[in-house]
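The structure's right below; bear with me while I get my questions together.
To keep things simple, chains are lettered A, B, C and D as they appear, and every chain counts its residues starting from 1.
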Amino acid sequence: MTERMGFFTDTSVCIGCKACEVACKEWNDVPDDGFVFRATSYDNTGSLGANTWRHVAFIEQPRRTPPREEWTGAEGGEGQDGRDGREGHDGIEGWLMSSDVCKHCTHAACLDVCPTGALFRTEFDTVVVQADVCNGCGYCVPACPYGVIDRRERDGRAFKCTMCYDRQLGGLEPACAKACPTDSIQFGPLDELRVRAEERVERLRREGRPEARLYGASPDDGVGGDGAFFLLLDEPETYGLPPDPVVTTRDLPAMWRWAGGAALSLAGAVTVSFLSTRRGPVPSPAGARRGWWR
Amino acid sequence: MVPEAEFRSYYGQPIIKSPVWHEPHMPAYLYLGGLSGAASMMAAAARISGHDRLALTARLTAAAGATVGAGFLVAELGRPERFLNMLRVFKPTSPMSMGSWLLAAHSGLTALAATAALAPVLPASAATAVLRVPSVAAVLPVAGDAATMAAALTGPLMSTYTAVLLADTAVPVWHEAHRELPFLFAGSALASAGAAGMLTAPRAEAGPARAVAVLGAAVETVAGAVMERRLGMLGEPYQRGKAGGRMRTARALTVGGGLLAVVAGRSRVLTGLCGLALTAGALFTRFAVLEAGRASAADPRYTVVPQRRRLDAGNPASVPAPSR
Amino acid sequence: MNSDCIVIQGSNMAECHPVGFQWVVEARARGAKVFHIDPRFTRTSALADRYLPIRAGSDIVLLGALINHVLTNELDFREYVLAYTNASTIVSERFKDTEELDGLFSGFDPETRKYDPSSWSYEGAAEEAAAGLRGEQLEGGPRHAEAAGPDQYGAGGAAAPVRPPTDPTLRHPRCVYRILRRHFARYTPELVEELCGISPEGLAELAEAITVNSGRERTTAWAYAVGWTQHTVGAQYIRTASILQLLLGNMGRPGGGILALRGHASIQGSTDIPTLFNILPGYLPMPHAYLHEGLADYLAQAGADTGFWGRKRSYMVSLLKAWWGEAATEENDFCFDHLPRLTGDHSHYTTVLRQIDGTVKGYFVVGENPAVGSSGGKTQRLGLANLDWLVVRDLTLVETATFWKDGPELATGEMRTEDIATEVFFLPAASHVEKEGTFTNTQRLLQWRHKALDPPGDCRSELSFYYHLGKRIRARLGDDEIDRPIRELTWDYPEHGEHAEPSAEAVLREINGTGPDGRALSAYTELRADGSTRCGCWIYCGVYADEVNQAARRRPGREQSWVAPEWGWAWPANRRTLYNRASADPEGRPWSERKAYVWWDADKGEWTGYDEPDFERNKPPDYVPPEGALAEEALAGTDPFIMQADGKGWLFAPAGLADGPLPAHYEPHESPLRNPLYSRQANPARRIYHSPDTPYNPPESPLFPYVLTTYRLTEHHTAGSMSRPLAYLAELQPELFCEVSPLLAAELGLVNGGWATIVTTRTAIEARVLVTERVTPLRLGGRTVHQIGLPYHWGWGSGGLVTGDVVNDLLPIVLDPNVYIQEGKAMTCDLRPGRRPTGRALLDLIREYRHD
Amino acid sequence: MARGGWISRWPVLRQLRGEDGRGTAARSARTDALRPRVEEADSVARSVCPYCAVGCGQLVYVKDGRVTQIEGDPDSPISRGRLCPKGSASKQLVTHPGRQTQVLYRRPHGTEWERLDLETAMDMIADRVVRTRRETWQQEDGGKVVRRTLGIAGLGGATLDNEENYLMKKLYTALGAIQVENQARI
């Protein structure tokens, strides 16, 4: 296994241009996700799925009064005319944009539960689906704690971000990271990215953005840390991310134990049933042929 | 249930993906797998205890359940032609992988057991010629009995592994119910198998089947009740909406069937009703569980709130170091 | 990128120039403060330090107030202002300001609604004429800002004196500095609050930031786009910013200036080498029938004789030689008479009306889609329907090509396909990868595109089309007089490939120009007025220097200085920052180490620095021009603005503008407010049309209470023919929507995701509703003014996977008098819930709204 | 990595040989053979994005006469290899099915498009230009020589090359057509 590669998505410089979504689709020949006006700010692709491997979320933060000092444009004058002009309306405090992607978990549930080996861990420590193997059992879909992977209708197989595995094999960076105009999406050795992210978050906090926090960067979390982690400016759930995800297979041993217990109970129940009704009706004609153990 | 204010989401969109499994495929497989498993256990017990008619029908039920169930499983695949890929890897971390190997073994065993049992009465034809090769004919009964006994080991697992299959996902009402689900399914499997036995075996031998049915109904009912209570807020999906309705129907049918089984006595009609009720109950349970899973996945509240509470309580989730 | 403060106003840079915005993000990371001033909170605002919501169409008030702030507090970069601008120049006593004439400058003729600029001239100077590059370089703005020159300035005279009377103490009441102070005195914070909706606190913060971040050590940059140009006072918006930036000493210096963020790959190139009616390549004016009898006459009036423009004869003669070769001789004025003459306004919208009145018979539309892309789309379509023949060249079947088949007028019954006599030719075009050639980007940088593969099917480049069309036309000529200009035209370029594609490099070489020896020239200073040199576009001279395609240079950026002089080629003479002489003090030393860019190296006796000096390399700072010197010799070593007659940055423009030497605030043609400054509601010289098909919304009309502004989205391109057919872009913004504030939505009962109908006197369109706090209702003069935003990318065709109503159909046809750009950024409209009526019912609805 | 027949590639066997069932053992032959498609390109052209005026560098990869990929040119000091969504969609711009590749003709009062071959179309257009020019030629206007036609007008987009604009302006002007306009004004 070579060095572990990953994504660091710094949402504080994301301009929501969606170049990542397009670059990803152009490279990976991902079909369009339908033409639906969702009226959810500028987001019309909704969420990650089989046909959207990068998804940009748009969160319009209504201003909470009193204006929080740290937010852009929230202080002093603007807060003033904001209130004047809006007749009680709080107006806009900020517009968060964030490019979501498969997290390539250290403990990846999709990979754990895949029965065919279609999902596998690459030499870059990323998690990739082999389309030539997947038989569309769909198990990985509900297994993912982030709701990333999904089965493509009609095609029948499961798809998700590969962190451009083929490009990495050629020493190229993933399409989304390469296209990203403001370098909000950074690709590189995970360890370096984590250091860079720590520095960035520190700086933001110094500049008066206490709400800045890293998401998925800790190796101690419920999935053992994400290969693709984020710098967020609000609670994860407002971005559609689980606040404290856990890899479902963590509890698998316990599950087997309970299932084993249930299996034994079942066996026991059957035995009891037969024992309790041992003295049954008159021996059937078959009764002549006793069991061989007699 | 936390107040709305605490709970935030992205335009109310779900965080995890709903299971893509279709109806009736998945619930039908869950039912048939359970039925086959319990039935094979019953077949063994019956064989041992000399309820040979019951043993025969149980063998056939087990074989049929496994075969048809496997059919539903294949039909569920997005790429059915690739069903053999299920045996491509051996993966302890994947209940479905384990289940596939288990199903392969179990369906093989039950098929052999059934064939052996049927050999004497099968009409002579090219297809069955092999069964009348003297050497084959000689070992077949023994092999059949051996297969039956072996299936008694795979059977109970067949009936309960499906609970792990569901629990080992991010679907809140499945994952959090990983203690009770196996018992719910085990009970349901017993009830189904018992019902099948009552319906197929001659009255004279139906006694044990009736007992199995009653016990199954009891276990299923109790497990369900316990599960919903322990899940607390996460129990809602089992009580509300479509899933709730199915759950209640399942419970009524199971309880009713159970009671009927007790009093049915020698009445063919009552026995028939009872068997049908339990069978329907078992089916409804599986449909209800699947639907509850979908409902809990579709509402971000069931994903976010428990995790939020975990964080607020200061004990975030964690996992032991990489197993790789 | 080197700015200490960046003000983005009239531009949504993050959305419309995302990749360019990376430099803003970097500057911010280095500590620069970023302001965004816009009617809407956009993706740019989200990344700015500070967002100020402003009412569309009120920018001059804000900028004027900033100028007022700088002047009254004497915060200007005095040393720079005195040395490099015309602040001390004394203006003719005949000049009268808007403050004296209630919204008019002296020289206005109510009959023609045009200005005679003679009274704006410098003390003791005769009238000014229109210099080709007047103001243009300075403004960095729409390169055709002098476009209307020839037919605007009446009888021109001699150029501005190179050394007009001045008062370095700035005390003379008629010196430019004093005039400015008087003129902008009324642009107060109170006025800003009343007209722009920006609070005094917001204004104070902005004023503080730009003044603190200007001077020797620091620079502030301004970035704008069509949010400034598409107004009836568009050119004056940019003038106002220029005045402010000159006062702050931010022109010609690193991290300073005014950036025009242009919207199309080569929109810059298409004005440098114009497909515009009123100029020839290199901003030489088209000859005017009533002004220019012959070449001498033309040159005498085509602008200043001092400054580099003073070489205009060599530019013009070289162009004529490039076009008519041997046929062009001293005797025949180098075929000057082959040039057709203008007699007035022949611009886009006027031409359309000429289509409707039947004057125009044939129309070529190449890579453009006026049926949905121009204001008052219905007028456009009426024009198209009245042509004899129409040639459309594009990648997809644009609405302009299919209007006869599926235009909106068919649905309303105003047109019937069978009645439309227009003969339509649709020719598929080659894409940017299927042909070679140069684009000129927004920084005047020419970049060569190599051809990747042949175009499919019948697709051809425009180069190929026009070349072969020209050959066919020449083959059909007789030998009579009127055919001479074509017969004698130089029209032979090497052909290659199975499609006989003409060589783009050969054309570029012709544009670059050749000397007497037939070899490529390397600088426009080599151009001669005697006909010994040929040059297709003097400002591009040097792009093929040393017989090398300089635009194709691609030395990796990481291997060069941040100026990256070896990537492509920038006009003029590969200079990346114009007038960069101003980045050094009068003695030629950098204003500061931090802001060093170009400086005088006394030892070597030449100008040097990071960039190509935009100055005569060996002219020392202490050079004083001899009397009667011409062209560049007439400029001193301290005159950085070398295209100007006097080498100064013009705070006050004695000529060159059609609507006044100074900016004044006028309301948009359609506005819900009365102009409190003057009794003149809107720009008195604005260009209006009286066409029954495109009436105007009356000002302050209760029928149209809302301010409407239009804009682009990152996910689409202009009218959508390059984005709506693309699944990957269409899915990102699938439907036309209007952005409204929750307050307005509540008032009108609009539902997020539902439908709304937007109405003007032109037409009504429907759009999905996007309710958002990003649109701010403004409190102006005690009343709440609601603004409505509409992206304009949709149409019914163009092979679009997504379609929608045509926003431009709502717009009025009213133009800026300098550049003839329509007012597309500030109109009024009505808004109602639900979808629009269809068919006849739509016409009935509009009738209700028409005030006649 | 195991090659050869599917038996020896069967992951279960490879697991028995000690490979990771969630890693190397699960790899398919196709996965082992994977490479970035740009490596197979026959040619790479250095180009410039056709959308806005920033002028981002593009690399155009061509294989078997088809564009297989367009992405940013890292060498460009303007864009440093980055592209916006439109620039990133450039490949679709030049390859999408909605793109027209045939000449179409609509005769006066016609209700449908008709096919026309390119050469014929060019000749017909040339005929019309010459005819219209002659019919609408204006030698004088109010006693002043103008030598022009108001019968022919042109409107150009701002995505045309400088060379193209140059030939257009040159030809129009020589023809005496002065109503030449451009998106720059719009």
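The criterion applied here is as follows: a contact is a pair of C-beta atoms (placed from the backbone, for glycine too) under 8 Å apart; a residue touches a chain by one contact, two chains touch by 3 or more.
All values reported here derive from a predicted model rather than from experimental measurement.
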Labels of chains that are neighbours to chain B and to chain D: A
Per-chain CA centroid nearest to the all-protein CA mean: D
Chain pair, A-D or A-B, that carries the greater number of C-beta contacts: A-B
Most distant chain from chain A, judged by the mean position of its C-alpha atoms: C
Whole-Å separation of chain centres (CA-atom averages), chain A against chain D: 36
Between chain A and chain B, centroid-to-centroid distance (C-alpha), Å: 30
Interchain centroid distance [CA atoms averaged], chain A/chain C, Å: 47
Distance from the mean Cα position of chain C to that of chain B, given in whole angstrom: 73
Residues of chain C engaged with two or more neighbouring chains: 18-19, 22, 714-715, 727-729, 732, 801
Residue list for chain B, restricted to those that touch at least two other chains: 88-89, 91, 93, 324
Touching two or more other chains - residues of chain D: 11, 20-23, 25-26, 70, 82-85, 87-89, 92
Topology of the chain contact graph, where touching chains are joined (line, ring, star, complete, other): other
Partner chain D, residues of chain B touching it in the complex: 87-91, 93, 324
Contact footprint of chain A on chain C as seen in their complex: 14-15, 18-19, 21-22, 25, 41, 43-53, 193, 197-205, 713-715, 727-735, 737, 741-743, 752-753, 768-770, 772-774, 776-779, 784, 801-802
For the chain A and chain D complex, residues of the former touching the latter: 17-19, 21-23, 26-27, 111-112, 117-121, 128, 130, 132-133, 165-167, 169-170, 172, 175, 178-181, 183
Touching residues on chain A, where the partner in the complex is chain B: 40, 43, 46-47, 49, 57, 59, 106-107, 109, 112-118, 121, 133-139, 141-152, 155-158, 220-224, 235, 237-252, 254-256, 258-267, 269-274, 276-278, 280-284, 286-287, 289-292
Residue ranges of chain D in contact with chain A within the complex: 11, 20-28, 30-31, 34-39, 69-72, 81-85, 87-89, 91-92
